[in-house]
Amino acid sequence: MKTFNQKIAITCIAVAVMTFSLVAAPNFANAKDIVKVAFIGPLTGGVSANGIGGRNSAELAVKVRNEDPAAKYTYEFVGMDDECKPNVGVQVATKIASDKRIVGAVAHYCSAVALSAVKIYHRFGLPVIVWGAVHPDVTYGNKFNEIFRVNGTMINQNETAAKFMTSNGYKKFVIINDTTDYGKAHKEYFSKFIVENGGEIIESFGVTADQQDFTAELTKIKKLDPEVIYFGGLTPVGVRIRSQMNKLGINAQFEGTSGLKSDAYIEGLGDLSEGTLSFIEGAPLEKLPGGEFFSSEYTKVGYDQAAESYGPFAYAAMNLLLDTIEEKGPNRKAVVKALNAPAEYDSIIGKIDFDDHGQNTVAAISKYVVQDGKWVLWEDSEYASGKRSLKK
Amino acid sequence: MQRALSIRNVYTAYGKADVLSGVDIEILPKKITCLLGSNGAGKSTLIRSILGLTPPREGEIIFEGLPISGHPTHSVVAKGIACIPEGRRVFPKMTVKDNLLMGAYLESSEKKIKMNMGKVFEIFPRLEERQEQLAGTMSGGEQAMVSIGRGLMSSPKLLIIDEPSLGLSPALVSENFRIIRKINDAGTAVFLVEQNVRQTLAISHYGYVLSQGRVTAQGTAEELKTSDEVQQAYFG
Amino acid sequence: MDISLLAQFTVNGLMLGMMYALVAVGFTLFFGVLDIIVFSHGDVVMVGAFAALTGHYWLTGIYPDMSMWVELFFISCISIITVAAFGMIMAKTMILRLRSASPLNTLLATMMLGTVLREAVRLFFPGGSNPKPFPVLLPDISASFGDFTLRFDSVILFVLGALLIVSLHLLITKTKLGMAIRAVAQDEETARLMGVNFTLIVLITFAIGSAVAAFAGVMNGLYYNEINFGMGLLLGAIGFSAAIIGGLGNIYGAILGGFLFAGLQTLGAVAMPFASAYKDVFAFGVVILIMAWKPTGLIAEKTSERV
Amino acid sequence: MSTNTTNSLSGVLCSFAFAGVITALMTAIFIVESQLLIAGVLLGTIGAIVISSKFGVTSIILKSLGENENLSNALAVLVTLALIVIFYDDHYVLFILCTILLYSVTVLGLNIQLGYAGLINFSGAAFFGVGGYTAAVLSQYHSIPPILTLVIGGIIAAIVGSILLLPILRTSGHYSALVTLAFALLFKVFLDVNDSLGGAQGVDVGSFTLFGWDFGNDITIGSYDVSFYVPYVLASLVMLCVVFFFVRRIERSWIGLCLDSVRIDEVSSSCFGINIVRWKIVAFTIGNFVAGLSGALYASILGYISPANFSFGDSLMFLSILLLGGIGNLWGTIIATAIVVVLPEKFQVIQEYRLFIYSTLVLLMIVYRPVGLLPRKTRTYRPGESS
Amino acid sequence: MSDSLLQCTGLTMHFGGLAALSDMSLHINKGEVLGLVGPNGSGKTTFFNVVSGIYKPTCGTVIFDGKDITSESPQAVYNHGISRTFQLSRLCLELSVFDNIMIGNHKRLSRGFISNIFSRRKFNEEYEDGLKRATHILTALNPELANRMFDVVSELPMIDRRRIEICRALISKPKLLFLDEPSAGMTHEETRQLMDEILNMGSYAKGLSIVLIEHEMNVIKRVTDRCVVFNFGQKLFEGTYSEVIADPAVQEAYLGKEVE
């Protein structure tokens, strides 16, 4: 027994030494050229279509750069999933922020996640460019040097939306919002601008993000008889509400926010989606300065999912990050400093100009309406030309 | 001698411990064969072994020349063996009629089912009166009738009866034994497992005594009545 | 509250209750024959809805001009048959194996099975992570009485659901098969002694329960015109709750439980002095109170010795 | 205790070597990034376990660890400390360590309920969450010392749990399972819609402060920048040690015996004077207290919590950890937690598929090895004592 | 009656419509071994369950040691000094022999958190004491078993499980012990051994009264002072063993009616 035990002890030590050497070895090899950049977005769950579109677009930017012989570094792309859940977002943020080889990130479609994660980036000094989240507090809630955003906020969105709706003669609104900060803030800003523009919010309803049946709420709404039902939330719940509105014979105009505008919304509803309104920052792809270039590159790679509305933002954000790294070197502090310096950048989404909170001040809001199974810019639609009309 | 059922050198175990160790029993056609023994002797285990509820670990069980050990219960039953289980085990939330119909579960001919039900009602007129009552709400004696009647519904070749006297008043016990005799007179082989020695032997033709998982005595009813082994098994 | 609004809430509640009842019936059937809670049942409903959707893609691919009613009939059949077969395979390969396991293990295993189903649809159904439109296969007719809209499709679905429950009732009480199922539920061993092939009956019961779930899935799709991979989770939890508050093993209890739960949700949404979003808090809270008041369900049938 | 001194000396050596291997293995798993290498390390580990059990090495190691329990407990602490030293500045690894340690604590709490008293609790994550939210609320008051925050978190969780006591005591079996299941669902929806606790968005949890020292700041020792997670890992380690000691002592006392007896046979327990109601209350309350305790610390470390952290799915995860490790085996719990927490983190390739793979594995495990990785052993009341 | 330990009067127990016990009156004297005999289902075990508090009797009274214990909880009955074994062995199979015996010793174990978890002095004393006493009884029953104190019960044969059960019932030093068919599932030889052991128990607990349900009549013959015969929930006969087997009514109940 004794000798056997000693044998085991020796074996154990040998195994330990071997494991260590195995682990240590690859770390001494190639250390130079590779620079890691990260992307975070919802790759699973209800809004994964937007997340995957964003991921593909950001990855595309890295691919294009890596093919460029003039690039100083080889970039390694790290794509992470925040599931559109704040708690997962915080964990993923911690993970990439604490990985010292990651120099910068393009992150977050969901405002709820972005709001909870920005502190982490600040704490770890990781430069992050937000590509989709629209809650104002992501940039304006704190004064974090590390946080930038290429897309506009929901303030602009709702201001445009309220003005548009009231000018089209709508007066009575009912709001349904999900209970995240995204939904709550939409409710707040939309109410504010509607009242300013002479409309009336009859009532508002909070719903949870995994709710399936809305007939009870909608029956109440039917009794209230609003002209417009405004929904502050994301596609999956929007699809359910719109389809159940129809079941209960509610004939109000349905209006959503940027979180609703995705191809999945139309796919989920078919003909019912006709006439739904949505407001979103940025111009449509074909009207963007680099839109044509972007869509041709995107199709070239052959992604099986569309870039969706925020794809170009993710591409632009990643490109900006890569440009900065090329110029200042793969160093977080240098990148943060460079991005904070006042400058204007050209990008496929047009000029990018960060204010002192890191917010892109160029915020054009586009109005969209679903026409024949497509999101069509309001100005180009048959609704605007009077051929078709919204619900009254 | 022709046999209905042969049990040869059967060993059955729950888990590790053998409950039956090398049981040999022959059940004669058209006769009443009884199995006597005190609590825990292994009587119920033997029945479970025959019916395939607890398949034997070793040994053979042969019914009308065909091996049935290890076969699933429903195919054993399909061969013509019926069982009136210990404690009656009627389906409490079914009516008397449904309970009887369950007894004829494998019988497809409506006519035969009707005929058998007629026979059962003839033996137990009380069941006919109460055919729509839920069996669980009946008294112990009535449940015993349901259970016996249910066993007869498939017109089995062999009827295994496990402790029909359990928990019944003396009057009912004698009544039950009279009926068992009657069933046998109609040509059905009966394997009667009982604690009640005297009444059992009074109606049986041949008997076995089981003790600690072994057959300790066997013989005709007359022989067993005077056997010391029987006394031993009960009174020590 | 005026009468038309009340009628509207009642109709909504009844539709919801019918769906819950159909799910709860499966829970209680399975518990009856095997004394096992098959928690993945809610996700089987989801699989049923997706099977019907697949059938729709397939059929409209071949016969684009099929009439609504014919298509409805065929996709229901496709869904019910595939899901029933799936239920049998599931019972054979997994559930029967779990019979000797501890109740916690079976509960957890079937919960995990539910997750596997959910994730499988999400990952392997094309675009499975997005909500899917369910084809409109019922005529879009409705009658309005003031604020009360009675939709023809709701009426049809409700009637179909009720017919299904009635035929299930007839199957269980009037047929030989139903008798065997009841016998197994009351006393498995004695049922075997009567010549009942236990395994077969279990498989058939799973086929029936899963078929009912498939129907509930199709019904769900037709009612909401939208299905998604996550719809089964809460539906399963609610079906389980309904089966339990009704009293496990009792089909009528399950139906009662289903309607009761829908009633509680509707009540919580419209008649309570708090925001409608609290309706589930209210409904589950009442469920807990019911358990404290009637520890073996409203209609106590079979006490559960397990877990 | 072993008698032969030489023998026990080599046993000690052997234990140390084993601890070394474990440290190396954990280090390797944390460092290696390449998916291929991770797979290699894991396959190597599994292979080593299989081969060594074939030659009986595993059982000898387990035996020598079991014979000298104090030593192996100390070694386990040492391994953790070694990992802290190795990864002193790697925030993420330290955070994962915290998660492992604190999830283990919660599952140990559930173990008192299910493993000892036989009370199934499908709302473990809810009580974990009660602790977390308590910490979130209390973190606004900087004067409350951290230790008090944790204890209050535990107490509130126990109090909230006592709402369920009446239905739990009255029901049994699946009926009782429904009570906790309904509570888990109710709790999540309640947090989602209740604005005062942050709603679905969640709330910030301030870091601990003690005499003006903020746990959330990085520390510099000499020329080394030590991650602010280090104190938290140490705190988690201390909490795990205390709870482990406590649960171990419960198991090895008359209390554990009473709980076991209540679980196995209520009728015979009551015939020997054991008060079933009392012990069920005790087990349920202590379990929830422990879950709340760890939840409070976890929330403070995370710095941010939302209802999604405490869903029914998380409760299921806790229960499946308990089952995977082997109900009632404390070391099994910790090992299973480490596996369940680390594997999905390291396998990014399977990203989208991780939940699918995880649930399939648990399913297969329950069907084919229902006793878990390390089944519970027969009780001995004092360390080292055995038959 | 001065030396009567347990006095039951008019005990009746209905289950639904079924009377498992009807108007049962019997007494047990101090230091006596009383045998309960009767066919299956005649109410013997129900009698045990009623006295030990598992069932609440429909009517009747139970006086133990001068105190009325009718309808008391099983815990209280145990604390008064009645302990029992079960017909189908109800040991905790996954626990060790020692654990099972200590469950029976519950009365003498402290249940506070301080002594159990933090300051273990008292626990250690109780542990040593319990171990000593368990070893003592087990040795009296079977010395080999005493060496397997920390083995899992599920690995032991039936006879040892019976011994453990008896030991579990005895360790609390009860005044009255109910043994429910201790010989079930054992061979003759094993039964004989066990009976010797039961006879020895007097040496462990002085003045212990035992009530024994048993089918093996030779056991009854050897160990009992007095027998009560049950049939259909009623007392059929009461007397010594030789009186019992001579009685025609008992013969009839046991072997059945002499058929013409």
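Note that the chains take the letters A, B, C, D and E in the order they are written out, and that residue 1 is the start of every chain.
By definition in this document, contacts are C-beta pairs under 8 Å (C-beta built on N, C-alpha and C of every residue); 3 or more make two chains touch, one makes a residue touch a chain.
Predicted, not measured: the structure shown is a model, and the values here were computed from it.
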| item | value |
| --- | --- |
| Shared chain contacts [chain A and chain B, defined touch] | C |
| Neighbouring chains common to chain A and chain E, by label | D |
| Distance-maximising chain from chain D - centres being C-alpha averages | B |
| Most widely separated chain from chain E, with each centre as the mean of CA atoms | A |
| Chain pair showing more contacts of the two, B-E and A-D | A-D |
| CA centroid of chain C to CA centroid of chain D, Å | 36 |
| Euclidean distance of C-alpha centroids - chain C vs chain E, Å | 50 |
| Gap in Å, rounded to a whole number, between the CA centres of chain E and chain D | 43 |
| Chain A residues counted as touching two or more neighbouring chains | 44, 179, 206, 208 |
| Which chain pairs touch, all of them | A-C, A-D, B-C, B-E, C-D, D-E |
| Contact set on chain A toward chain C in their complex | 44-46, 48-49, 179, 205-208, 210, 212-213, 215-217, 219-220, 222-223, 235-236, 239-240, 243-244, 246-249, 264, 267-270, 272 |
| Residue ranges of chain D touching chain E (in the complex, touch as defined) | 246, 249-250, 253-255, 257-258, 260-261, 264-265, 267-275, 378-382, 385-387 |
| Touching residues (chain side chain B, partner chain E) in the complex | 17, 38-40, 139-140, 163, 165-167, 169-170, 173-174, 195-200, 202-203, 212, 234-236 |
| Residue numbers on chain C that touch chain B, as the complex places them | 176, 179-180, 182-183, 186-187, 189-198 |
| Residue ranges of chain C in contact with chain A within the complex | 5, 8-9, 12, 15-16, 122, 127, 129-133, 142, 144, 147, 149, 151, 154, 223-226, 228, 230-231, 233-235, 265-266, 269-270, 275-277, 279-280 |
